[in-house]
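Supplied in structure tokens, the structure appears directly below.
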Amino acid sequence: MEARGAARLRAERRRALLAAAPALGVLTLLFGGALAGAARTSLVPLGGEPTLDAWRALYGDPAFADSVRFTLQVTLLSTLLSCALAMLVALVMRRRSVVVRALLSLPVPVPHLLVAVAAVLWLAPGGLADRALGGLPLTLVRDDLGLGVVLVYVYKETPFLVLLLLAAMGEALAAREEAAAVHGASQWQRLRWVVWPAVRTPLVVGGIVVAAFVLGAFEVPLTIGPSYPPTLSEFALQATQGDLLAGEGVAAATLLLTAVASTLLAILAVRLAKDAAGG
Amino acid sequence: MSPLALEIDAITVSPGGAPVLRGLSLHVAAGTRTALVGPSGAGKTTLLRAVAGLAPLDDGDVRLGERSLRNVPPHRRGVAVVFQEPRLLAHLSVEENVALPLRAAGVGGSERRSRARERLDEVGLGGFSARRSQGLSGGEQQRVALARALCADPDLLLLDEPLAALDPNRREDLRRLIVRLQRERGLTTLVVTHDRAEAAELGERVALVLEGRIVQHGPPKELFERPVSAAVARFFGVANLLRGEVRDGLLEVRGTAVAVPGPDGDATLAIRPEHARVDDDAALRAVVRESVYAGTHVKLVVDCHDLRLELHVPPAGAPAAGREIGVDLPRERLWRLPEDDEIAVSAAAAAPSRGAGRPSA
Amino acid sequence: MVETRVQRVLGGLLATAFALPLLVLVVRAFADRWRAPALLPQDWGMRGIELAFSGQAAEAFWTSLLVAVVTTAVALVLGWPAARVLGERRLKRPAIAFLLLAMPLLVPPYATGAGLTEWFLRLGLVDTVSGIVLAHLVGVLPYVVVVLLSAFGPEVTALEEMGRASGLAPLQRWRWVTLPAVAPTLAAAAFLGFLVSWSQYGSSLAVGGGRPMLPVVMLPFVRSDPQVAAALALLFLAPAIAALALTARAARSPL
């Protein structure tokens, strides 16, 4: 009799797996296929023998090194700035304002490309800001540091992070803060001992997500970034526009690297989120 | 349509893999109201769900009238359920919620509406038709759920702790309503509750579930005053159990002979706290440890050496803690438990639940 | 809710920060001549709009729309059972599933597109709508599942049980109980899925071949003709706003 109950449970688990199979199966096929395809293209040029030429070319290419440096720079800057800004906004808001929260969800449906286009119109030399202020102190469009790119990503990702943080700063947190205040904790102490532990993980996970995303920056730097150095995805695009045969391989190798880097970050983020949620 | 009897025949149900009900049998006579009572985790709600078809049977059968429900899906059983929460659909009006079973059966719009309105009148919510379910109080929502169940014109009505979420005044109203509607229709009904007093008020018969089995089933008076085992006794608030060997119709209780009914031999006797009396002339002496005013009575916990007894006495003249009193255990109120020790021992840990406790599994 | 002054200032700043950039798009789109250092255009006109629509833009708009709608529909059909199973916590090891959902979300679409091209070339899927849909699906399906799964759980299961006990057959239950209960979240999932596909650049570029997609067509104009770029940007923005309005309404009104 006990076996029957256990057997039924097993059947239920199997049914659940079957239900999730179409989505997960399609994803595995497409995503795995993409990674495999990129690997293949990087190793086997059109109608040729498997070779490490593309990878070797990358390794020796100073432009690639510049691209890596530039991409990491933009990623780091965007992630740190948006995290800091999001933390500030979240602390100021403390989940109390419905209006501000609604405003924060407005940028969500706006595509990154659109923000980049608007940014160019505003911030380019001769753009609106330039005319309104009689000259900008910084070059933000197509500048060597990629500040325009950073700005666009900070603009788009900060609201996302704020919403993430606010979700972690719920009623329970307010109650704990009150309890701490009643016991004589100062504002700063409350921040350090009550608030920070609660938002630490969502902030880190959110930051990792943003970093993984900016790593693959493509259309934004194409619109508002410098022509040199390119981000890794731009570098790949340029490779395909050069030497047709070798270019595909180099592009694929580059993109595979970015994909793997982003995947590792994604795994890290999921692990951290799972641990925080108690496994 | 004549009422049907419910026959639960040795069912085994294991919702989470491990069996919760083991070979449980219960018969509910056609047109009667039975209350199913027991501690948390005993399996009451599982039993209800198994009868409704919401939990699969590993073994055994459930029959309604002549018909076996074993492989019949819930929506074709002719069984209506009132759950612990009202489970109303937020996007429909009260009337549309009530009419749901009719809509399922394909009944046309205007007839649906009129029948739903009739049911709402019956439960005292006439005029609530167009309201949204969110604006209603808990008690009102439960009554809508009741109206919905009646709208299904079922052969069997199942209620899972219908009064649990309500405050005491509302509980009384809803209880009366349920009893009245059931009687008017002669609807075979099974009600689950964790509250023994509620079980007595709701059920023509009461069945106690302990560890997945029906331990006793009978009129409420029987379970309260003639429990078949120590576990049943404890659940129904019989805290006083005396064990020993009866000789010449007398049982020795801590050095005092007490007259008891029944033949000589080993025995366990029980007496309800309300039936034990304070009598300064009595031979059995005890010291009052606790004297707690409980509104309708005073609860006394007294120690007769190492034997602890509980008495419920009228508040007037109740002795205070520390006093030595005499305890009278009237022979005619003593109940001798049957010899079935197995159930008594295994269910010994089952704690009786009280009044407004939390609803159980 | 009582807002402090700082919060009100913040609200004002945010509103400006979010509204102002859009304003410049509208102005630029209709500015035939806007020489520096003038703050307002010298000439207003429809030149931008006309030029925008004379080229591939119209075709790109419809192709992007078609792809977004098809991708979202496919994602919803595939994703619904998975979302259900995950939301009701019926999977023994959900972490694997979540990992599988998270990875495609963060990998650059241009990379997945380029990787898929290797196989699409052999399958003849390059430069086809189906190919683009498949490439977009990698990003849209995870979003749809993650959003939709929050709709399922003990409340919906409880209502469905009530439906069964009330005599509803499975199809009736789905139409009258499940669907209305998850409608708001379903709308949100569809909206997000649509947007993800609509905004796709990298994968459209990699797999699309010659087939025009709106964001791809728009980008070159930023450097060459900002007025046309602004006009196309407004076009690019339009469905997002329409979808937002529609889903907000659908989520609020009961079915």
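When the chains are written out, they are named A, B and C in that same order, and each has its own residue count from 1.
Heads up, the rule we're going with is that a residue touches a chain if its C-beta (ideal position, glycine included) is under 8 Å from a C-beta of that chain, and two chains touch if they have at least 3 such contacts.
Model, not experiment: these values are computed from the prediction.
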{"item": "Arrangement of touching chains [line / ring / star / complete / other]", "value": "complete"}
{"item": "Chain at maximum distance from chain C, centres defined as averaged CA atoms", "value": "B"}
{"item": "Chain pair, most C-beta pairs within the contact cut-off", "value": "A-C"}
{"item": "Centre-of-Cα separation between chain C and chain B, whole angstrom", "value": "55"}
{"item": "Rounded Å distance between chain A and chain C, as computed from the means of their C-alpha atoms", "value": "17"}
{"item": "Multi-chain contact residues (two or more partners), chain C", "value": "none"}
{"item": "Residues on chain A engaged by chain C in the complex (per definition of touch)", "value": "12-13, 16-17, 19-20, 22-24, 26-28, 30-31, 33-41, 89, 92-93, 96-100, 103-104, 106-107, 109-122, 126, 128, 130-132, 134, 155, 209, 212-213, 215-219, 222-223, 233, 236-237, 251-252, 255-256, 258-259, 262-263, 265-267, 269-270, 274"}
{"item": "Touch list for chain B against partner chain C, complex", "value": "52-54, 73-76, 79-81, 83, 85, 87, 89-92, 100-101, 103-105, 148-149, 152"}
{"item": "Contacting residues of chain A [partner chain B, same complex]", "value": "1-2, 4-6, 8-9"}
{"item": "Contacting residues of chain C [partner chain B, same complex]", "value": "158-159, 161-169, 172-173, 176-177, 180-181, 183, 254-255"}
{"item": "Chain C to chain A touching residues, read off their complex", "value": "1-4, 6-7, 10-11, 14-15, 17-18, 21-22, 24-25, 28, 36-39, 78-79, 81-86, 90-92, 95, 97-119, 134-135, 137-138, 141-142, 145, 191, 195, 198-199, 201-202, 205, 215, 218-219, 222, 226, 229-230, 233, 236-237, 240-241, 243-244"}
